[in-house]
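Structures incoming, each one as structure tokens.
Two complexes come next, and they have one chain in common, chain A, joined by chain B in the first and chain C in the second.
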Partner chain A sequence: MAWVNAIVQGILTGGLYALFACGLSLLFGVMKVVNLAHGDLATVAAYIGIGIIAAIHVPFLWSVPIVVVIMAVLGYVLQRSLIQGAISRGELTTLIVTFGLSIVIENGLLQFFTANSRGIGVGSSLISASFSVASGLQIAWLDVAIFGLAVVVLLSLQYFLSASKYGRLIRAVADDREAAQLSGADYRHVFGICAALAFATVALAGIAYGMTTVVTPTTGTDTILLFAFAAVVIGGLGSLWGTLVGGIVLGVAQQIGAQINISYELLAGYIVFLAVLVIRPQGLTARRSQS
Partner chain B sequence: MSTPATGTPGQQGAPLLDVRDLVVHHGQLRALSGISLRVYPGEVYAIIGANGAGKSTLLRTIAGLHHPTEGQILYDGRDVTGMRPEKRATAGIGMVPEGRRLFPSLTLEENLKVGATFARSGPWTIERVYDLFPWMKERRGQKTAQMSGGEQQSVAIGRALVANPRVLLLDELSLGLAPVIVQRIYGMLPQILSSGVTVLLVEQDVSQALRVATHLQCLLEGHSTLEGRPADVTAEQVEAAYFGMGERSEAAESTAVQSAAGQSTPEQSAAEGSA
Partner chain C sequence: MRVTTDATVRSGQDLKVTRSRRNVAWTGIGALVVAVVLALFPYLVYSGTTAIMVQGLIVLTLASMWNLLAGYAGLVSVGQQAFFGLGAYFVLIPAMHGLSPFAGLFVAAAGAGVVAFPLWWLISRLRTGYFAIATWVMAAAIMLFIEQIQSIGGGTGMPLPGFAGMDPTLLAAYTYWAALAVAVLAIGTVYFLLRSRLGLVLTAIRDDETAARSSGVKVGLARLLVFVVAAAGCGAAGGVLAIDQLQVVPGTSGGVFSVLWTAEMAFAVIIGGLGTIEGPIIGTAVYMILQQTLQSYNAWYLIILGLVAIAIALFARRGLWGLLDERFNIRLFPVGYYLWPPGQTRRRQRAKTTAAVG
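Let's look at the complex of A and B:
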């Protein structure tokens, strides 16, 4: 039963990892930007959530849409200013600029929030509540809720991309920026909308992480960015549902590793990550290569 | 430079597109050296020339995808030289780019919908494109990557038309297509023209260009070597201008060919006008 438990917990953790990864995947898929500040932005979202709850005493659930909107606006603004400027100067520049952003954010958070770890208080009853499926298989409601949130986020993103006007433009711009311009689309605005979407998912990821455990100013690069990368690469670059597959594979690998020996948790995840890179570098869900 | 006098008969009223002394560089390479052209409403203006003559560069610069180092582009009397490509598109300068450049991950209909997103008001709708190309309707849900070159070219034309452009730039429609398909695609031109669209096209296939054009200009290594109405130029002149035969000096050749064609450079026509 311990193994079944490890697999079930791993699958549920995969939902959180998918939340980490889908924004990263979206930015890369559309703009070819590898956002090295991705994890730190999730941490920022968590801190904003902590700050809002503490400052204006809103109930936890109210703080979520506020943080999502703040992060989405931040995403649009950052894209149109810093990241767009980097894109115009070549793909490598985006790496340097987002790396710089990551350092600035971490040190800014250290300055304002100190290195102490903080969590998003939701009331201990919700965090610790769980139900028993069988003896030795306890499932936390919070994990189920986060997994459900991840699925809802991915479904909404997919619906938006396939059915809405701007979703269509995002796909068109991802295919051929210049041809989209010839159709009258300002790709910089489309990029901005795409970044706003990605940052909205980053906000949810940060809040979810802050609820399941605690954040410190360096959590972003230590944990979230690495797991997001691993999930994206395992699942397949640029594929939305691939992030869920990748997240689940990563989560299950970590839990099984931990089951063998608690110190193998992270190691097992990265071994799977490397194995996928070697055996199937296009990722598990990538379609046959086009053209 | 002085304003050129009215060109050939048939070029009347105000030009829709007025390109003046365009110089374009690709890095160090001078791709266009002082190209001027005027496209009047209702015309089919053809730019011919061999590979590397600068034809596509000219069209892409007019669409805003390249920035000229010198010269001006006036559209409907307005200077659009510094305008972004998407703004030119919504102002009515449409383009079918070389190589079709469809959105491969989008379906046929989605490609048309992207074209229609920022459309001006006008006669062209997705339904009307389906009337022009009846085969599209039942294949609208398909990805365009699986379609033949001719079909893709038709989708690219449709995508440009649904934006209701006033002037449509067609870049090498015949590229990579069988002659029969090229004929069929150019066969659509009258229907496009009758909807009030003016056409500026670039074509390597000279005989095809001569069949449809009301006015033509030949480029050679970024210079203009011949300009006029197809009826006024002989096959020999076109051949000489196309391949750069005759005098070796480009400048001399350009003047010689243009004089021989009964045409004149802008400077000359200004002189003639004042004479």
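Let's look at the complex of A and C:
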């Protein structure tokens, strides 16, 4: 039963990892930007959530849309200023700028919030409760809710990009920004909207992480960025559904590792990641190898 | 080199190709003098100063290696702390079996270089940005693996044996000389590698990878070589840190596997000037000044360094050395070629803007 439990918990955690990976995938897919500050931005979202709940005493659920909107605006502004500036100077500059941003954010959080860990107080007993499927198999409602949220976010993104008018515009800009520009689309604005979307998912990921466990200033790089990236690579670059598969594989690998020995949890995840790099560098779900 | 003959044949005129626009004999002598003066420091200054300089020399070594990776081979690695940490352990482990930690520095460089081969095979499948995060994952995985081995201290680390009963002043001086030797060797290696055929190959790849590939340049091999050399250099620097701190602590915050090591080397390079040998030296100086001035304000020096690095990456891509070079046309370590049009001499070159290769 312990193994079944490990697998079930792993699948549920996989939803959270897929949520981590969403924003990373989206920015890379549309702008070819690998955002090394991705994890730290999620941590910032969690800290904003904690701050809002503490400062203006809103119920937890009300704080979520506020954080999402703040992060989306931040995403648009960052994209139009720093990131766009970096993109136009080349890939190397983009990496340097986002890496610099990552270190600045991490140490800024350390400076202002100390290294102490904080959690988002959920408050509602309904969410912190769990139900029992069988003896030894307890499932927390919170984990189910986050998994559901991840699926909903992925579904809506998929629908938005493939079926909506604006999604079509985003894909056009992603394919050929000059051609889109000639057809009257302002690619900088489209990039900004796209970054806003990505940052909104980053906000959800940060809050979800802060609810399930605690955040510290280094959570962003130690956990969120690396797990998001591992999920993306395991699932296959550039595929939203692959990201969910990758997240689940990573989550299950970690839980099985933890079942063998609690200190193998993270290592097991990275070993699966490295194994996928060796055996199927294009990822589990991709059909053709991507260069 | 062929460049000379080609150019002469094509124009039929008196073209001249040199390494630099100015005579560099004096810079070579200058570098030698600086190295000798630095080597005499333990006799000249307080041990507090040399202790700070050891930190600076470690960062200088790391920065030179990161510059080789990112500035010349286009490989942005944010996982160099993997090799740095491994280097520290490659000094610790032989020392536990009786080898002198100073001799262990060779093991550190060689060991980190050897480990780089299989890791390159894994992560070279990914390009640019994903390569960067993959190196980060690689560093995290290596740290987790090392922390599992209880006999070398597990997750808490270990004191470095081998110096029992040694005079602290003498040890401090030896540590300083070791750090200096590693840094000078690192810069020297980068300099001579870039003056060799590899430098030409890397320039070709940087300018146009597809063209270089189709002209028969072995792109993968050149990058592998750079990756291995950088790993060895970072390993040696990690070994120096182990000797300096007399202990090895893993861990991502404050330990040898902290990403902050990569942040420091990267920021030093970017501030000083990416893709120049002089850049890391200037960048390290700036880094040390900021770090020493702001050390009582915790993490502020990293925040300021990060912001300065971002600003320089966006607005002054060639860094502080680039700004100096634009003004004064100086190269202390010329690794490219300079093409002299007919009739132009060293004296008249300042007014002209002509093609400089590399």
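Here is the rule we go by: the second predicted complex is superposed on the first by the 283 of 291 C-alpha atoms of A that agree within 3 Å, B and C clash if a C-alpha of one lies under 4 Å from a C-alpha of the other, contacts with A are read in each partner's own complex, and residues count from 1 in each chain.
The rule is simple: contacts are C-beta pairs under 8 Å (C-beta built on N, C-alpha and C of every residue); 3 or more make two chains touch, one makes a residue touch a chain.
Since this is a predicted model, take the numbers as computed values, not measurements.
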Exercise. After the match on chain A, would you call chain B and chain C a fit or a clash?
Worked result: fit
Exercise. In the superposed arrangement, does A:R168 touch chain B (first), chain C (second), both or neither?
Worked result: first
Exercise. Should A:L266 be classified as contacting the first partner (chain B), the second (chain C), both, or neither?
Worked result: second
Exercise. With both structures placed on chain A, which of the two partners, chain B or chain C, ends up touching more residues of chain A?
Worked result: C
Exercise. Touching A:E91, do we find chain B (first), chain C (second), both, or neither?
Worked result: second
For this session: Check the residue A:G184 against both partner chains and state whether it touches chain B (first), chain C (second), both, or neither.
Result: first
Problem set entry | First, second, both or neither for A:V233, with chain B first and chain C second | second
Exercise. Is A:L110 contacted by the first partner chain B, the second partner chain C, both or neither?
Worked result: second
For this session: Once the two structures are overlaid on A, work out the angle chain B-chain A-chain C from the Cα centres, in steps of 10 degrees.
Result: 80
For this session: Once the structures are superposed on A, label A:L36 by its partner contacts, choosing first (chain B), second (chain C), both or neither.
Result: second
Problem set entry | After fitting on chain A: smallest Cα gap, chain B-chain C, Å | 10
Problem set entry | Those residues of chain A which chain B touches in one complex and chain C touches in the other | 291
Seminar exercise, completed: Contacts from chain C onto chain A in the complex sit at residues 70, 74, 76, 78, 122-123, 125-130, 132-134, 136-137, 140-141, 144-145, 147-148, 252-253, 259-260, 263, 266-267, 270, 274, 298-300, 302-303, 306-307, 309-310, 313-314, 317
Exercise. What residues on chain A touch chain B, complex-wise?
Worked result: 165, 168-169, 171-172, 174-176, 178-187, 290-291
Problem set entry | Sites on chain B touched by chain A in the complex | 63-65, 84-86, 89-90, 94-95, 97, 101-106, 110-111, 113-115, 117-119, 145, 159-160, 163
Problem set entry | Contact footprint of chain C on chain A as seen in their complex | 28, 32-34, 36, 82, 85-86, 89, 91-97, 99-101, 103-104, 107-108, 110-111, 115, 218, 221-222, 225-226, 229-230, 233, 237, 263-264, 266-267, 270-271, 273-274, 277-278, 281, 291
